[in-house]
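In the part that follows, the structures are each spelled out as C-alpha cells.
What follows is a pair of complexes built around subunit A, which joins subunit B in one and subunit C in the other.
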Partner chain A sequence: MEYLSVENVTVSYGIHVAIRDATFRADGGEIIGFIGADGSGKSSLMHAIAGVGNFSGSVRFNGIGYRSAKEAEPLKPLCAFMPQGIGLVLYEMLSVEEHLDFFADIRAIKPDSDFLAYRQRLLRMAGLDKFTARRAGDLTGGMMQKLSLICTLLHRPRLLILDEPTTGVDPLSRIELWEILDQIRREEGTIILVSTAYMQEAARMDRLLLFDAGEIIASGTATELLETVRPMCYLPTPGSGGVRTFDATYSLQPLDIPHAEPTLEALFFVNALKNNRLLPPVTLSGEEKIPFSDDVVMEARGLTKRFGDFVANDRIDLNLRRGEILGLLGANGAGKTTFIKMLLGLHPIDGGELFLLGKPVRNAHDRRTLKASIGYVSQHFALYGDMTVRENLLYFAAIRRIPSQEALEKTARYALELGFSEYLDEMPSQLPLGINQRFSLAAALLHDPHVLFLDEPTSGVDAIARAQFWQLLIALKEKWKIAILITTHYMSEAEYCDRIVLLRDGAKVADDTLERFYAAHPDAETFEDIFLEYYR
Partner chain B sequence: MKARVIRAYIAKELIELVRSRFILMVYLLPTMIMLLFGYGIRMEVTDARALIIDNDRSFLSNRLISKFEHSRYFDVSLDTSDEADALRSIKQARTDVIIIIPESFEKRLLHGQSTQIGIYVDAAFPSRGSTIENYAKGVILDAAASLAPARSAHLITINQRSLFNQAMRDEDAIVPGLIGLVLLVAPAILSALLIVKEKERGTIFNFYASPLSKGEFLIAKLIPAFLLHSLNIFILFLWAVYVFDVPFRGSFLLYWGVSEIYLLISIAIGMLISVVTRTQIVAVVLTVIITIIPGFLYSGIIMPISSMSGISQVEAHIFPVMYYNHILYDAFLIGEGLQSGKTLSYLLILIVYAVILLGLGRLLLKKELG
Partner chain C sequence: MNRIFWTIVAKELLAFIRSWQLVLVVLYSFTVNVYISGSGIEIKPRNVAVGYVDYTGGGISQKILSKLHAPEFLPPRRFVSQEALSRAIYDKEIIVGIVFGPDFEKNWRRGEKSSLNVLLDATAASQAYTTLSYLQNIVLELSRSGMSVDIASHKLFNPNADNHTFMALTELLSVTTMLCVILTAVVFVREKEQGTWDIMLLMPVDPKLIILAKSFSQVLIILSGVVISLGFIVLGVFSTPLNGSFWAFALLTFFYIWASAGIGLFIAAIARDVMQVAQLSILVMMPLIFLSGAWTPIYAMHPALQALSLFSPLRYYIEGTESIFYRGTEWIDLWPYFLGVILVGGLMYWIGFRKIGRLF
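And then the complex of A and B:
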C-alpha cells in the first residue's frame, strides 16, 4: 500500500514562519483536503511536499524520504504539482496539443498506444478533445485549469498535489475537474492533496486538514470536524450575542437559542472566535443618499459587443433597481466582464442602448457622467501598495475631485462605519484581505455613486472574510439604497442576491428573483443545482 | 542527458519566439545597433569652420591662407575685424578655429626670423579640438616647407603612413567594435528573458516539479539563444563588409569560432542575470546596463585600451569585450590571426570566461522557490 508521511515540516521565510511542525499521513487513493484562510500555510506545505520549496522536517513517500528540496529529486518522476493561479503552468502561445506533447516529452513518456489512449481519455474527460488546436491563451479560465490538470496527469503520478485548482473557475468546470480527480483516484490509486476555498468541495474529500496561522489545527473527515463545532453553532437570531451570519450564529459561550446544523464555514468562525481574530463589526449609519424619483437606476437595452466575428455580448437587456443586489453569473468566458466593461464605459457599445437614471448614454460627455455615478471594485483591488490606507483613500478622493475637507471627513467616517479605522495608517500589503476589501469598497463609494459594480470581489478570499463582506454589501443596500451589480463564482453567494441574471455564451438565458428561480426548480437544493440546469 | 526533454524545450521556445514575434527583435536589434552606431559615430573632422585674421596681407600670408582653403579639413572664411570679434564668433559657435597671422609675417620669414601664428581652437569637445589643432599645425608645417625656401624647412620632412587603416576611415575603426558590442548585448537579453519569462508567468514550476536536472534545463534554455544568435554572427559580418566596406584581412574561421565562444559568454551573462531577477522588465534593464556600458566603453570604439590608465585599465581587463575586440580588429584590419601570441592567449582567456560563467550559472540556478 502506498503512503505519504509528513513529519514536523516547517517552512519559514526569514523570520516569518509559514507553516510550523505539520505532521500527517495519507494512504493510496485518498484525497486529502487542505482548508484554511489565506496565508495559513497551505501553499507552503504543498511546496515543501512537492519538493519545490525548502523546508525542515521530513517527508516520506513510499520508499523515498527527503529532508530538503534537493533530496526530493527522486520523488519528482512520481509526483505532479499544480501551483495556485489560473493557467500558471501553461504557455499562452502553445496550443492544447502542443502542451500535451511538451509535457509528455519533459516527463519522457513512451508514446505507445497505451499512452495515446490514456491521453485521449484525459482530453475527453476535460472536454478539450475538440479544442486541441486552440492556444492556451485563448482558453477560458475553466478550460485552462482542466488543461493544467490533465498535463500534470499525463505521466500517471502517484502523488498529485493541487493548490486551489478550482479558485476562480465556474461551477461547471469545477464539477468536471472533480470528476477527473475522482476517476483518477479510483482507477490509479493516486494520493491527492488538494486545497480549496469552496467549502462544498471539502465535503468531497476523504479527510480534511484545517489550517490556521501556520499550523494544522484539526484533521479528520468532514463529519468528524463538524461534530467538534456543533455545540457552538446556533440558528441566526438577532440580538442574541455571538457572531451572526446569514445562516448561523456562532458563540463560544452557551446561548439560550436553538442549535443549528453546522457547516464547514462554521469551522472557520469558531476557530476565529477562539483566537479572537474576527474583523471589527460594520456599523453603517442610516439613509443619507439623495433620493431620486425613478426606481430603475440603470437600464441596458439590447447591448451588444463584438470582437471581430466573435459576439461577446449578444443583445443583453438588463435593468438595475435602486437598493437591490443583482448577481451576474455565468461560466468563465460567458461575457460577464465584457458586459460590465460596457456598462462602465470602458468598451464602446456596438449595439443597443444604455440608460442611466432614465437618460441615454450616447456621447463622451454622457459617459463621463456615467463614470461619475458608478463605483467600481475590480477583481484585483486597484490599490497602491506603497501608500497607507488613508493616503489611498485621499488619492481616490482627489481624482474624483472631492474637496479635501470633505474627503477627510468621509475617509474618517467610512473607516469608522466600515470597521477599518484602526488600520488607516498601515500599508495595504500588511493587512488582512478582508480589510483591503472593505477599504477598496470605501474607495469606490467616496464619490457617492448610485451604482456599485463588483467584479468577483470575493475570489480567493476565505470564508469568514467573504461572509462579512456580504453582510457589508447587504447593509449598503438596505441603509444607503445603493444598487449593486456583482459577479461571482461562488454559487452559495447567489443566495444573498435579490435577483440573478445568468449569461451563457454572451447571451442572457435567465433573469429572475431568487425566490422564483427556486419556485421554477423545485428539485434544486442549492443555487448551484439551478445554475447547472441552465448549462447542461 | 535526456535528448528528448531538451528537444521538447527547444521546440517550445522556438514556437513561442515565433508566435510572440520576439524573433523579430532577435534579428532587428543587432542590425539596428549596427546601423545606428555605425552611421552615428564620427571621430574625424572635416570642414572645420576656420576664421583667418590676416594682419600681414602679404604674398606669403596669402599662400598660407590658400593652403587652408585647399584643405578638405577646413572651411575658411577671412576676417579683417579684430580679435575680440573673432572670439565672440567662437563663443557663439559660429567658428571652430581662429587662425591669426601676425603683422610682418612675410618680412620676418624672409629675414629668417621666427614668427608666431596664433591658433584658437574651440576645445569644448577635447578630442575634436585637438584634432582640429593637429590639422591646423599640419597645414602650417606643410606650408612652411614650401613657403620658406630657406634652411629650416627642408631639413625635416614627415613621412607619415597610417598602418591597418590607411584611409583613416571611421567605419574601419568603429564597425568591428560594434560587433563586439552587439554580440554582448543582444544574446544576453534573449537568454535572460527565456528563463525569467517562466519565473514571471509561473511556468517555472514545470521545471521545479519535474525530474529535469538543472543542467538539462539550462542547456534547453541556452541552445535556442545560442543558435538564433549564431546567425547574427554572419549577418553582422555582411553588414560590416558589404555595407560599411570594412576590409576583412584575417581568417573567417577564426572570426566565426571566437564569435561563438563570445556568444556563449554573453548568454551566460544573461543566464546569471535571470538567476537574480524575478520579472522580465528588471532582467532587461539590468542586462542592458551590465552589457552596454562596458561593451561600449571597453570596446575600443571610443579609445584604445592601451591608452587607458589605472582603474580603467583594470576594468577593461575584467570585461570580456576587450579580448574579443582585439581578435576582432585583428581579423578585420590586420589579419595576423593566431600567429600572434596575444590573439592566441586572448582566445584562451575567452574560453576560460565562457566555462567559468556557464559553470557559475549552473551552480547558482535554483530548482526550488527562492
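And then the complex of A and C:
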C-alpha cells in the first residue's frame, strides 16, 4: 500500500515561519483537502512535500525519505505539482497537442501504444480532444486549468499536489476538474493533496486539514470536523449576542437560542472567535435618502457590444432597483465584464440604450453624470497603497467635489459606523483584508451614489472575509437602500442576492428573484445546481 | 476644477515622497551620477605607462624622456630590445613605446631628417593619440627648427578647455530626459499594477485634467531635481561658468520636461507594468539621445541622421543650454532653441496625451 507520511515539517523564510510542525499521513487513493485562510501555510507545506523548497522535519513517500529539496530528487518521477494560478505551467503560444508532447518529452515518456491510449483518455476526460490544435492562450480559464492538470498527469504520478486548482474557474469546469481527479484516484490509486477556497468542494474530500496561522489546527473527515463546532453554532437570531452571519450565529458562550446545522465556514468563525480575531461590528445608522420618484435606478434596454464580428453582449435588458442586490452570474467569457463596463460608461455602447434615473445616457457629459452617481469597488479592494486610509478617503472626496468640511465629517462617521476608526492613520497594506474591504466601500460611498458596482469583490478571499463582506452589503442595502450590482464566481453567494441575472455567450438567459429560481427548479439543492441547468 | 487639479498634484507628490527608494534614485541620478560622469570621463592622458628602447646612448633621447612626467605619465621604463618592448605592450604593461634608433641622434645633430618610432596600444585610442600629440609637441619644442610661426591659441567660451563641465552638463540633460520619461510613465502604470486604474477612470472628472495634473506633478519633481543638480554639482563642484541667464535655462528646461513627459505618457499607454516601462524607455531614449548631439556632434553625423536630429527636442535643449551657459547668449537670440523645444516638444506631448487619453 502506498503512503505519504509528513512529520514535523517546518518551513520558514528568514524569521517568518510559514508552517510549523505539520504532521499527517495519507494512503493511496485518498484525497486530502487543505483549507484555511490566505497565508495560513497551505502553499508552503505543499511546496515542501513536492520537494521544491527547503524545510526541516521529514517527509516519506513509499520509502523515499527526504528532508530537503536535494534529497527529494528520486521523488520527482513519482510526483506532480501544480502551483496556484490559472495557466501558470502553460505556454501561451503552444497548442494543446504541443503541450502534451512537450511535457511527455521532458518526462522522457516512451510514446508506446499504452501511453497514447492513456493520453487520449486524459484528453477526453478534460473535454479537450476536439481542441488539440488550439493555442493555450486562446483557451478559457477553465480549459487552461484542465489542460494544466492533464499535463501534470501524463507521467502517471503516484503523488499529485494541486494548489487551489479551482480558484477563479467557472462552476462547470470545476465540476469537470473534480471528475478527472476522482477518476484518476479510483483508477490509478494516486494520493492527491488539494487546497481549495470552496467549502462545497472541501466537503467532498476524504479528509481535511484545517490550517491557521502556520499550523494545522484540526484534521479529520468533514463530518468529524463539523461535530467539533456543532455546540457553537446557532440559528441566526438578532440581538442574541455572539457573532451573526447571514445563515448562523456563532458563540463560544452557550446561548439561549436554537442550534443550527454547522457548515465548514463555521470552522473558520469558531477559530477566529477563539483567537479573538474578529473585526469590530458594523453599526449603520438608518439614513433618510432623497426619495426617488421611481424605484428603478438604472435601466439597460437592448445593450449590445461588438468587437469586430464578435458580439460580446447581445441585446441585454436589465433593471436595477433601489434597495436590491442584483447578482450578475456567468461562466468565464460570458460577457459579464464587458456588460459592466458599458454600464459604467467605460465602453461606448454599440446598440441599445442606457437610462440613469429615467434619463438616457448618450454623450460624454451624460457619462460623467453617470460616473458621479455610481460607486465602484475594484477587485481586491485596491486603493492607493502609499496613502493612509484617511488620506485615501479625503482624496476621493476632493475628486468628487465634496466640500472639505463635509468630507471630514463623512470620513469620521463612516469610519465609526463601519468600524475602522482606529485604523484611519495606517497604510492599507498593513491592515487585514476585512478592514480594507470596509474602507474601500466607504470610499465608494462618499458621494452618496445611487448604485454600487462590485466586480468579483470576493475572488481569492477567505471564507470569513467573504461572509463579513456580505453582511456589510446586506446592511448597506437594508439601511441605506442602495442598489447593488455584483458579479461573482462563488455560486454560494448567489443565495445572498435578491435577484439574479444569468449571462451565457453574451446573451441573457435568465433574470429572476432567488425564490422564483428555486420555485422553477424544485429539485435543486443549491444555486449551483440551478446554474448548471442553464449551462448543460 | 482647480481644487481637483491641485488635489491630484498633491497626491502624486505625497506618493513620490513616501516611496523613499524612488526619492533615492532620483537624488542619486541628479547628484552622484552627474558628478561621476563629469569627473570620471578622462580624455587627457593620465598615468600613461611609457617604455622605451634606446640604441643611441642617451643625450637627446633622455632629454625627450625627461619631459614625460607625472601626472600625465609614469616614469618611462627602459627595455633592452624592441622585442622586449613589443612584448610588454602586448601584455598591456606599456601603452606607449618609443624606440630611439641608432641613427636618431646622429641625424639630429647633423640637422638631417631623423625619425622616432612610436608604438601605440590603440585600444585606449584617445589616450594614445593625445599622448602622441604630446610627444609631437615635445619634439617640436626641442628642435626649434627656426620655424617662424608660433601658434597663439585663444580658447573661447570654456577658457580652461575643461571637459568636466561639459560632460556634467550633458549628463544632467540626459538624466532629466530619462527620469522624466520614466517617472511620468510610472505614475500611470502604477495605477494599472495596483488595480486602481478602473477607479481613476470612474472619477467624474475630465480625463484631460487627470493627465495634465499627473504630468505636472512629475514636471515639478524633475524641475527641483535639475535645480539641486545645478546648484550642488554643475555650478558647485565643477564651477561651470553660467554666462547667460539662469531664468532662461529654467524656462527652457520647463518646456523641455513637458516634451519628455509626453514620451512618458506614450509609454504608459502601451506598458502593462513598471518593468515594461523600463524596457520601453531605453528603447525610445537611446535614439533620442543619439540624435541630440550629446555624444557626437551633429555636424559629424550622416546627413540622413542630421535631418532626423531635427526631430529630437533634446537637440534644441542641449544647444540652447550650451549657448546659455558658455556663450551667455541673450534672451532675444535664444528664440530658435525655444521655438524648437516648444514645437517639437509640444508635438510629442500632444501625441502622448492623445495616446493615453484614448484609454480613458
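In the analysis below, the second predicted complex is superposed on the first by the 530 of 536 C-alpha atoms of A that agree within 3 Å, B and C clash if a C-alpha of one lies under 4 Å from a C-alpha of the other, contacts with A are read in each partner's own complex, and residues count from 1 in each chain.
Just so we're on the same page, a residue touches a chain if its C-beta (ideal position, glycine included) is under 8 Å from a C-beta of that chain, and two chains touch if they have at least 3 such contacts.
These numbers come from a predicted model, not from an experiment.
Participant: Hey, is it subunit B or subunit C that touches more of subunit A?
Facilitator: The partner that reaches more residues of subunit A in the superposed model: B.
Participant: Just to be sure I read the superposition right, which of the two partners does A:284 touch: subunit B = first, subunit C = second, or both, or neither?
Facilitator: neither
Participant: Considering only the touch criterion stated at the top, classify A:77 as touching first (subunit B), second (subunit C), both, or neither.
Facilitator: Only subunit B is touched by A:77; subunit C is not.
Participant: Which partner does A:532 reach: the first (subunit B), the second (subunit C), both, or neither?
Facilitator: It touches nothing on subunit B or subunit C.
Participant: Which holds for A:395: it touches subunit B only (first), subunit C only (second), both, or neither?
Facilitator: In the superposed model, A:395 contacts subunit C only, not subunit B.
Participant: Going by the contact rule set out at the top, does A:376 touch subunit B (first), subunit C (second), both, or neither?
Facilitator: second
Participant: A:217 contacts which: subunit B (first), subunit C (second), both, neither?
Facilitator: Touch status of A:217: no partner.
Participant: Using the superposition on chain A described above, determine whether A:98 touches subunit B (first), subunit C (second), both, or neither.
Facilitator: first
Participant: Tell me which partner A:346 touches in the superposition: subunit B (first), subunit C (second), both or neither.
Facilitator: Touch partner of A:346: subunit C, not subunit B.
Participant: Spell out the residues on subunit A that touch subunit C in their complex, using ranges where they run on.
Facilitator: Listed in rising order, the residues are 344, 346, 368-369, 371-372, 374, 376, 378-380, 382-387, 391, 395, 398-401, 455.
Participant: Where on subunit C is subunit A touching in the complex?
Facilitator: Those residues of subunit C that touch subunit A are 3-4, 7-8, 11, 14-15, 18-19, 194-196, 198-199, 201-206.
Participant: Along subunit B, where are the residues that touch subunit A in the complex?
Facilitator: Interface residues on the subunit B side: 2, 4-5, 7-9, 11-12, 15-16, 19-20, 201-203, 205-206, 208-212, 367-369.
Participant: Considering only the defined contacts, which subunit A positions touch subunit B in the complex?
Facilitator: Checking each residue of subunit A against subunit B gives 47, 50-54, 69-70, 73, 76-77, 79-83, 85, 88-91, 93-94, 98, 101-103, 105-108, 135.
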